[in-house]
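There are two complexes below, and they share subunit A, which is joined by subunit B in the first and by subunit C in the second.
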Partner chain A sequence: MKFMTKLSTVSALAMTVASGALAAGDMTVALQLEPPHLDPTSAAAGAIDSVLYANVFEGLTRFTSDGSIIPGLAKSWEISEDGLTYTFMLAEGVTFHDGTTMDAEDVKFSLDRARAEDSANAQKALYAGITSVDVVDPLTVKLTLAEPNGSMLFNLAWGDAVIVAPESIEGIKQQPVGTGAFKFGSWVQGDSITLEKNDAYWGTPAVLDNVTFKFISDPSAAFAAVMAEDVDVFSGYPAPENVPQFEADARFQVLIVDTEGETILSTNNKMPPFDNVMVRKAMSHAIDRQAIIDGAMFGLGTPIGTHFAPHHPDYVDLTAGSNYDPELAKKMLAEAGYADGFKTTLKLPPPSYARRGGEIIAAQLREVGIEAEISNLEWAQWLEQVFKGKDFGLTIVSHTEPMDIGIYARPDYYFQYDKPEFQALNTSLEAEADPAKRKELAVAMQKMIAEDAVNGYLFQLAVPTIAKAGVVGLWESAPTQATDMTAVHWKE
Partner chain B sequence: MLRFVLKRLVSLWLSLVVASVVIFLFVEVVPGDPAAYMLGMNAQEDTLNALREQLGLNGSLLERYLSWVGGMLRGDFGTSYTYRTPVSEMIGERMWISLPLAVFALALSTLIAFPAGIWAASKRGSIADVSVMSLTQLGVAIPNFWFAMLMVLLFAVNLRWFSAGGFAGWDVGFLPAMKSLTLPAVALALPQASILARVMRSSLLDTLGEDYIRTARAKGLSRRQALWKHALRNALIPVLTIIGLQFSFLMAGAIIIENVFFLPGLGRLVFQSISARDLIVVESVVMLLVFAVILVNFLVDVAYALVDPRLRVRS
Partner chain C sequence: MNRALIIGAVLSGAFALAALISFVWVPYDVTGVDIANRLKAPSLGHLFGTDHFGRDIFSMIMVGARTSIAVAVVAVGIGMLIGIPLGLAAAARKGSLLDELIMRGNDLVFAFPSLLIAIMITAVFGASAVNAIVAIGIFNIPVFARLVRGAALSLWTKDYVLAARVSGKGAARISFEHILPNVTNLLIVQGTIQFSLGILAEAGLSYVGLGAQPPTPSWGRMLAESQTMFSFAPHLAIFPGLAILLTVLGLNLMGDGLRDVLDPRLRRARR
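Coming up: the complex of A and B.
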C-alpha cells in the first residue's frame, strides 16, 4: 500500500487567514455571467462554479489557487499498489447546510449519480473509469477503477464531483445544499445571489458574514459599477482596456489572474488544405502572438507554443519553434503547393479574445496569402456548426478545462487530430501516477502537437480582477473556475 | 361603441394567433441546440440525449407548438430550460421592474412633452419655440444608451448620488426602488419626450389653423382660451397614437437600457435567453410583449373613440 501525503485543508487555510488582522463584514463581488441554475453537477456553465465552488459545495479533494490538489471532504486517502483502488477517509463531523450528516453514503450517492446511465453531468467522461463506489464504514469510501488513472484525485476536485445529499437533490437547482463554509442565502434572478456564513462549518470558518454576487456583463456597466464603488470586487473584469486606469487609482488593486484557458487558433485537421502538416506549420509562422496579445487583450496573456498552461510545472516553452516569420511562412506554403495562398473560413464565438483576435489573425494570414473569411457566431451556433458539425476551417477558442491535453487523443474531437502515437502517450499518462514519469510523458505530448502544428497556439488567457484596496485573500490564479471566498476578508 | 370595441377585440385575437405562429417558427428555426449549449464542450452524446428528453425537445414541431399555445391559454408558460423554473414565475418577477420602468418613463416623457409642446405652439416663432425645437431635435438625435452612460458617469461615478445600476428591490421600500429606476427612466424618456413634444406642437399648430378656431376667436375667445378649450382636445389624437406606440417602444427599448444599468427586467431576460437558447423563455416573453403592444393599441383605439366621437359613428 502506498500512502499519499496528508495535507490538512484546515492548516493551509489557517495560514492564509493568520496573515493580517481580520475584518469581517459583507462583500459584493461582481461576475460577468449569471449561473443558469445552482447545480454544479449537471451543467457545463462555469458561472455555477464561479459562485458555488469551494464556497457552498466541496468535493473529496479540492483545488488551491496554485493548482495543487489538497484534501477536501476526504482528510486522507490510500491508493492500492496497482492503482485500481482508492480508499478515502472522510473528515469527521461534517454536516450539510440542512443539518443532516455528510457520510460515506452521500459520497457514494454523488459519484454514482455523476457516472450513471442517465447522468446529465457535463464531465461524465472523467468519472466513467470508476467501476464501483463502496461504503466501507460511515467515514470510509472505496473507489474501484477499471484502469489506473493518474488524474483521478485531480478529476475529483472538479466542481462536477462535489458531494451532494440525496435528500436535497430534488431542489438543488434553486436551493443548493452543500457542506461549505458559506450557505446559500437568496437569489434575485437576473441580479444577484447572496451567500451567508455557515456557523456550523466543520473546518476553518469563513471570515465574511455575507457575500453577494452581482452579475454585470456589459463592459461599460462594469466600469461604472467599479468606479462608483457599487461592487467591492470584480472577478473576470470584461474590459482589459480599463486596467491601466484602475492600476493608477489608489482606491483599487488589480490582479492579473492566470486561467487554464489555452487560447488557440483551432484548425480543422481533416479539411484540405489543413490536412497537410506543411500548411499548418506555415500558418504557425504567419501568426504574431504578441501582436494578438497586445491588440486583442491589451497586453494581458502569456504566449504559448503548445496546449499546456505555462504556470503548470510540466510546461515546456515551445514558442520558439513557431516564431513569427512571414517570409518563412510564404516559402513553406509554396513548398506545400499553395504559392498563391488559399481561401478558408474563420468562425468566431462571442468572447472578445476571439472577435478582436480574429480580425488581427485574418490580417496576419492575408500577409502570407491566406484569405480567411470571418463569420461571427453565437455560442449555441458555434457549438452546433463548429464543435459538433465540424464545419469550419479555422476558429478561435479558449479551452478552459484544466489539464486538457488529452483532447488531442480523441480523433473525433472537433479539430480532428488523429495520431496513434499521441493516443498511446495519452493512455500511458492517464495510467501513470509517478510525478517524474508523468512529466516526461506530458513533455513528449506537448512537443508532438507543437511539431505537428495541430492548432495555432496563441496565448494563455489571463483575466483581470479589480478589487478595492482593502480586500485580502483573493485567488491570484485560477486553476478552475471559482471565486473562492472562504479566506477573503477586509484589511483592518 | 360596443360594436366598435367588439370588432377591435376580434382583430386583437387574430393578431395574437398570427404572432404566436410567427414567433414560434422564428425561434424554432434558429440554429443551436439548447442541450449542447448547457452541457458544453465535453458532453457526450448520451448525456445530451438524456437532457433533450428531460427538456421535451424530442417532440415534433406541431406537438411542441400546440403544447406551448395550449399551456399559455391555461396560464402555463412552460419551464425554462436553463433556470428550470416556471417561465410565468420568471416573467412575473421581472415584470415588476420592466413595467414600472416603462410607466415611469412614459409618465416622465408625457410630463415633459405636454408643457413643452403646448408652450412652443402657443408662442410660435418665439425664442421659446426655437429653443424647444432645437432641444428636442437634440433629444431625438442622441442615442439613449449613450445618454445613459453619460448620466452614469456624472451621477454615479462622479457625484455618487445614484448607484451605477442594479435594482434595490421593492422589499427595500418604494423610494429606494424608484431611485434605482430613475436614471434608466430618464434615459428612456428623453428621446420619447422629444418626439412627443414635437408631435404635440405641430398637431396643436395644425388645429390652431382650423376654421373652427377662427370661429371661436371671432366669437371673442382669446388665443389662449381657444387653444385650451378647442384646439387641445382635437390635437390629442396624433399624440395618443404616439404615446401608444411609445409604450411598446419602451417595453422593447428597455432591452438595451436594462443592460446598461444591469437591471433584472424582461429585456435582459430576453437577451440572456436568446444567447442561452432558452427557447421557451424567448417565445413566451416575446409573445407577452406582442400581447402588450396589441393590447395597448387596442386601448389607444378605444381612447380615440372616447376623444373623438366621430370615430365611433364611422366605424
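Coming up: the complex of A and C.
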C-alpha cells in the first residue's frame, strides 16, 4: 500500500538521522528548522540564533532564561545622566575562535556594520538611534545616542548585535567565528551542525565537549527520533499531541517552554475589506481562542488579546475585548456592509499551530459568513508571497522576537498597519527610560492595537522541549530564540 | 457467476454509494470543527470516532470517497478521451510518421515516474484537486493509447475490416465503427484497473499535501494527519487506511472479474 511505504520511508529517514551520543560529554539536540546560513547579524531567520546564540556568538549584553539582561562581553557599563552616552567596559582576555583578540575595535566594527546604511541586519531599526561608536581604549567603548533609549541594553542583547570580527567576516555565513564557549565544528547541509567546546574560552567553560544540532521538521520523524532515543534533546518539538506520552515515559522529561511568540491571525490592513476596522473587529469576535489552543496546540499556550507577552510585567489582559461571540460578529459584519460575508485567502506556513489553527479559524469564520480559502505554503513561499509580497488576506504566524510591539509602527511591515498616533507612542516609548512611564506607554500601545483589531490575537506560543531524563541546564523559557547549551550537562 | 466480480463490485459499489449519498446527507458536517468532541473513540454516536478537530470520521470517509472517486473518474476520463483516439490513429497509420510521433510521445510520458511529475505539476500550478486530476490524467493517456493501438493492429487485418475498406470507408470511420467496439471490453477492464491506480495516486498526492486542500476531506490527508496521533488514537489512521485498501482491492477484483467475463478467449477456455 502506498501509505505503508510512506510510513516506512519516514522511519527509515529517522534512522539515518540517528546517531546517539556515545561519548559521555556529547549531546545531540534536534531542532525543527535548519538555518539558511550562519550569520545572525544579516538575516531574520530565527533558526540561526537557535544554533549559534550564546553558544558561538556573544554580544555586549545577553539574555538569561528568565528574560533578564546580564553582562556578556561587556563586564560592566555606565550610563550618563542624560541617558545619551553608554560606556561599556569589556571583559579581558577574550579571543575569537580563530585566535584573534576581541577588543573595542571589534565592537565598533560590529555595531557600525549593524547600523550602516547598507546593513543587511534584520533589526537595523533597533540600532538606528546610535549616532557614534567610539573606541576609548582597547577595553572601553562609548556609544552615543541621538536621544535616550530605555531599551538599549536589551536591544544589544539580541542575536543581531553579537560581536563579530573584521578578520573573519568574509566567511561568516559558512564558517562563523565568534567568542562563545563553543566553536563551530562542521555543517552537513540538510542534516546537522556540530559545535565543539572552546578550550580557550574567557568565561565559565562549557561542560559538554560536542553539541550536534540535528534538523528534523517532520512531526512523525521527530516522534520516531525521540522515541528511539536518537536525539538527547528536542528543542521546539513540533507535535504537541505527543506530549502526554513523553510525560508518562520515565525515560524523558518535558519542559513546556514559554516563548516570546505572539501567535496572531495576521490581517492585511491595506486590503479591502480588512481596511475597515469594523470588519477586523467582527473577525476578532468570530474567533474562539480556546478552541484553537485546544485543537491546534493540545492545550499549550496562553490566550492573548494584544501583541504582548503575558509574562511581561507591562502586559494587560485585553482578551475580554475580543471575546468569542459569533452573533455579535455577524451583526458587526452587517453594519460594515458585509451581511452576506465575503471571500478571502488564508495562507498558512508549515508549523502545526498555523496549519491546524488555520483549519479551525477557517471553520469559525465560515460560521459568520467569511469564506477563507486555505493555501498551505512552505516557509520560502510564505516569505516571498506574504512577508515580502504582501499578497495575502489572512495568515497565521508566531512573532517570536522579544518585545516587538514596535513592528506596528512600521507602515510597510507586512500587515501594513499605518497609524501616526501609534507611531508617536512608539517613538516616546523608545526614548523613555523611566519604568513607570514606559509601562504607561506600553499599555496605551497594547490597547490601541487591540482597539483597532489590527490582527487577530490568538495565543502566546508555548513549545514543548523533550529531553532525556539525565539532561540538566536547559532553558525553561525562551526570551529570545536560542538553544543555550553553555551550561547544559548530563546528570552525574 | 464470477465470484471476484461480485465481491469487487460489492466493495467498490459500497464506496460509490457512500459517495453518492454524501451529496444529499452525511451524519455530521465535515467542514465545521467541534473541539470539545475531539479524538473520541468509535461509538454509536460516531461510528468511526472523531478526529483531532472533533469531526466525524465516518462522514469524512463518505465525503472523502467523493473526492477520491471524482479525481479518479475524471483522470481516467482524460486518459481515455485523449488516449483512445491517439491509439486508434496510430494503429490506422501504422508505421507512418504520425504513428511514430504518437508512440514515442507516449514513451516520453511513460519514462517519467508519474508521482514525480504530479508533484512537479502541483508545485508549479499550486496544490489543488484539479491539478491532481490533470497530473493523474496525463499519465493515463499512454496507458490507453498503447492498449488501443496494440489491440487495433490485429483487428486491422481482420476480414470484416478488409470488407469495410473495400466498400470505401475511410480510416477514421473504420476505427470508430469497427475497431473501437471490438476493443471496448479491453478498455473496460483497463479502465477499472486505472481507476484503482487513480485512487491510490490521489491518496498519495494528498498524503504529501498536494491533493485536495483543506477543508475538503481526503483519505490521503486524513492518513497524513493521523501519523503523530496513531499511537494514542489509532482509529484516525485505521479507517481512512481501510477505505483506501478496500476500494482499491474492490476495483482490482472487479477488473479481474470483468476480464474473465468479457474476454471471449477466457470464456471459451472455461467451458
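The working rule: the second predicted complex is superposed on the first by the 468 of 492 C-alpha atoms of A that agree within 3 Å, B and C clash if a C-alpha of one lies under 4 Å from a C-alpha of the other, contacts with A are read in each partner's own complex, and residues count from 1 in each chain.
Going forward, contacts are C-beta pairs under 8 Å (C-beta built on N, C-alpha and C of every residue); 3 or more make two chains touch, one makes a residue touch a chain.
Quick caveat: nothing in here was measured; it's all calculated off a predicted structure.
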Room on subunit A for both subunit B and subunit C (clash or fit): fit
Touching partner for A:A291 - first (subunit B), second (subunit C), both, neither: second
Touching partner for A:V136 - first (subunit B), second (subunit C), both, neither: neither
Which partner reaches more residues of subunit A (counting touched residues only), subunit B or subunit C: B
First, second, both or neither for A:S220, with subunit B first and subunit C second: both
Which of subunit B and subunit C A:A424 touches, first, second, both or neither: neither
Partner chain(s) touched by A:A146 [first = subunit B, second = subunit C, both, neither]: neither
Partner chain in contact with A:E359 - subunit B first, subunit C second, else both or neither: second
Contacts of A:E34 with subunit B and subunit C, given as first, second, both or neither: first
Least C-alpha distance (whole Å) that remains between subunit C and subunit B when both complexes are overlaid: 7
Set intersection of subunit A contacts, subunit C complex versus subunit B complex: 220
Residues on subunit B engaged by subunit A in the complex (per definition of touch): 31-34, 36-44, 46-47, 50-51, 54, 82-85, 90, 93-94, 149, 152-153, 156-157, 160, 163-167, 169, 259-265, 268-269, 272, 274-278
Subunit C-facing residues of subunit A, complex: 1-3, 6-7, 10, 219-220, 223, 239, 241-242, 244-245, 290-291, 294-295, 356, 358-360, 362-364, 366-367, 374-376
Residue numbers on subunit A that touch subunit B, as the complex places them: 34, 36-37, 43-45, 117-125, 173-174, 188-192, 214-218, 220-221, 224-225, 227-228, 230, 350, 378-381, 383-385, 387-388, 399, 401
Residues of subunit C that touch subunit A when the two form their complex: 31-33, 35, 38, 52-54, 126-127, 200, 203-204, 207, 209, 213-215, 220, 223, 227-229, 231-232, 241, 244-245
